[in-house]
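Next up, some structures in structure tokens.
In what comes next, chain A is part of two complexes: it sits with chain B in the first one and with chain C in the second one.
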Partner chain A sequence: MNTLKDDQHDALELYGEAFTSRLLLGTALYPSPAVMQEAIAAANCDMVTLGLRRQNPAGGDGDAFWQILRESGCRLLPNTAGCRSAREAITLAEMSRELFDTPWIKLEVIGDDYNLQPDPFGLLEAARELIDQGFKVLPYCTDDLVLCQRLREAGCQALMPWGAPIGTGRGLMNRYALRTLRERLDVPLIIDAGLGAPSQAAEAMEMGFDGVLLNTAVAKARRPAAMASAFARAIEAGREAHSAGLMERRQTASPSTPTLGQPFWHTGG
Partner chain B sequence: MKEGIQEKHAMHEITLSLNGEAARLPAGTALDQALERWGYGGRRVAVAINDTFAPRSSWAERTLDDGDRIDIVAPVGGG
Partner chain C sequence: MSRLPQQRFAVAGAGLLGRLVAWRLLRDGHAVTLYDAGDLDTPPAAAWTAAGMVAPLAETVVSERCVYDMGRMALTRWPEWLAELEAPGLWHPHGSLVVAHPQDEGELTQFRRELDDALGAPARYRPLSGADLQALEPDLAEGFRHGLFLEEEAHLDNRELLARLLAAIRELGGECYAHTPVETRPGEVESAAGRRTFDRVIDCRGHGARPRHPTLRGVRGETLQVHTEEVRLSRPVRLMHPRYQLYVVPKPDGRFVVGATSIESEDRSPISLQSSLELSSVLYTLSPAFAEARVLEQGVNLRPAFRDNLPHVTHRDGLTSANGLFRHGYLLAPAVVDHLLAEVRGAGERPFAAVLAETAPEESAS
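For the complex of A and B:
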């Protein structure tokens, strides 16, 4: 049987590097570091996101947190969360590159405080500069086609459009725009932000998206490790369904059991 | 004569911003000395001065000035 599990070639490829898991997991908002550790293990993910914040010398949590992530064996994807200009995001990306010794960056430039919507203009400016500097930029973007095309032209080899605003759990808010992105762009697309349930992640994968980045839905579940596992399986299922090819939708019913030989059939009269 | 000037210079204090809070240092302090003094020695941190990244390789030769804004960051959970 040729399932995806047997297919060694179905890795997620980002900037020429292969990832076995299509789930990228955030590391914020867990009730404890131990619970986060369990969730990362249950998600069986290859990449985790993390951030940088002002640190006072008295606060020692940073080092312990770092140790847990190192032990997870996951690739680190630092973010520029909360940055409000290209300049801020570029500086934070440079700090991340040194601190984590990685060229990977989840680029966030926030344009609106109310829905944490990416600022497309600042995002594009920062992406151009960071790609020039050799970063592997994964931009957190809206589902706007032209923005995504410009990011692609700037050299982004993968894009991360939102499903819904961060932390809302509303799922895929604009299916038309997301389908358009999938049809028009030939780079890996990862749904980043806004997913609340494994069914929503499965839907994104069925639509042909290449991966899903999650945080709140797992971290705020009653049992985060169980939710991480549920999402991981939904993502696999959705991916396999996309690969298998979904049937065409129809307006009218079409019997699945043969009509030929139907008993008790009388032509009337 | 030259030593005398340096001594006088060292007596002078500068005021700068450390993660948004006022901090004082002797004039002429290098960034690596300041980090040690503030308790960041050996810690996993990255630094920006006046919103510009200050690479670790520059810390020893970077002398801090009055009014500098220093941001010192460390890893935290993030989405």
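For the complex of A and C:
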């Protein structure tokens, strides 16, 4: 049987590069680097994100921790978590490009300190500037269609809308908006933030999203490696289900074979 | 002590671990020479910057079960040691409180669940109402509706303890060298003054021993120390917030330490404005009367940590090394010291050998 796992054509494609895993992991909040390493291995992911804002990156003082991430063999995706303006995010992105020799950036511009909701205006401004500078920008955004269209027009070749605010574990809060994004946008969409359970990740993949980025749900699990593995399998299952084609829901519970003793004309009505 | 010196020890690093080890060895009748790269009265050690909590419950939530077991031992060992040091008043076994803003009470529930998951029944905390909180700590702001009382926890006056240990080491004839960076080798210590041989060298240099340990790293922690006469607290109070969990620990003479950030960086530069805002906000939230407190100092230090964030003791011919106490210095030092001394004596049970005698992950023998 040809499952999607074996199918090389089902790679996640971002900015023309292929990734075999559709799960991206964040690297904060783990009880220890050793536990984080186990989780990254169990998730079998290709890309991990890392925050730089508070590490005094210009001094290279975070290197002991970054070295652990490099050893994972994953591509490092620096993020601009903690930045509250386009200018801060752009400066940090430029610094991360030098430090890690990478044009990739997960762009975050935070508009609200309490729930870490993205600032759509600052995000768009920073995305335009960074795309102009040749960055491969993965913007963390809300599920607003017009914002996502503007980010697309700015040159973002993939978007990362939230499922729910960071760290809440609430899953897909606005299915209508997310479905709209999926129907209207022709770029890879990765659900970033807000997922708490593998079933929620599977649902996102069934809806046609291209990947999932997780941190808290794995890092704060009692057994992070086991949770990473559970998510990885849910994401594969959801992806395969989406490709296989989900059946349409029906209004009433209908027997799949004619019930004995019932005249056939009754089911045709 | 009237016994003749049995062996000559060098202890490198006069932080908490180095002082405890030196003191215990001197009490056993050994000759001890203690070295530190920095000052002895205001040492560069993480233990000087720390808040001095002995919080096995709260710390287990962010680490592993063995931290609780080792921490339980600290709760009995500290009062014994402080009695021997004739400083029993430095120990405060009054428990600790955990509170959250009304809008963040989900964080309290999560904390309870993690504690239950880690330790099982019976619950080791007492849920408190706002009135209970006021009864225990009358100076706490009145907005808190719920809290948890972790009765078995304690705190100690850490700077006074470090000073008392140094005094005891000197009284017992310990030879102390400040501002003397050393290299440690089996049976030998090398400083700018030259090489000196010992029966055994014990390396307790924390982050200072990083060159010895390929996987040891420093984790930046920032604290503020403030002074006010307007607030009295009898016990540490931890504020749960979605973004940070910080605590305030009362110190003698109207001082308070609020800490500590945890940043994966070996940056020793002064505290950031962001961190100082977070720490100040915790104080102000717990009691608006902190508004006029005076900021006495900002503390920045590096917690020495192996990749599993657990301590490890390696013991070879002529050289013993103990390191990696991470954010649990006062909580885990008694277990580490008892283990190390049993190892050095070559007799008796070595407590927590399953954790402490293990080589740290990916740490090759150096």
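Just so we're on the same page, the second predicted complex is superposed on the first by the 248 of 269 C-alpha atoms of A that agree within 3 Å, B and C clash if a C-alpha of one lies under 4 Å from a C-alpha of the other, contacts with A are read in each partner's own complex, and residues count from 1 in each chain.
Following the convention adopted for this analysis, contacts are C-beta pairs under 8 Å (C-beta built on N, C-alpha and C of every residue); 3 or more make two chains touch, one makes a residue touch a chain.
Since this is a predicted model, take the numbers as computed values, not measurements.
Of the two partner chains, neither chain B nor chain C is touched by A:161. In the superposed model, A:94 makes contact with chain B only, not with chain C. Measured by the number of chain A residues touched, the leading partner among chain B and chain C is B.
With both structures placed on the common chain, the touch criterion links A:65 to chain B and to chain C. Contacts of A:222 after superposition: chain C is touched, whereas chain B is not reached. In the superposition on chain A, no contact is made by A:198 with either chain B or chain C.
In the superposed model, A:32 makes contact with chain C only, not with chain B. When both complexes are overlaid on chain A, the residue A:81 reaches chain B alone and has no touch with chain C. Residue overlap on chain A between its contacts with chain B in one complex and with chain C in the other: 54-56, 59, 61-63, 65. On chain C, the positions that touch chain A within their shared complex are 62-64, 114, 117-118, 217-218, 220, 242-243, 261, 263-267, 269, 272, 274-275, 305, 307-310, 361. Interface residues of chain A facing chain C in the complex, by the touch rule stated above, are 31-35, 37, 54-56, 59, 61-65, 68, 82, 114, 116, 167, 222.
On the side of chain B, the complex with chain A involves touching residues 19-20, 38-40, 43-48, 51-53, 55-56, 71-79.
Against chain B, the residues of chain A that register as touching in their complex are 26-30, 36, 49-59, 61-63, 65-66, 69, 78-79, 81, 87-88, 91-92, 94-96, 98-100, 166, 193, 213, 215-216.
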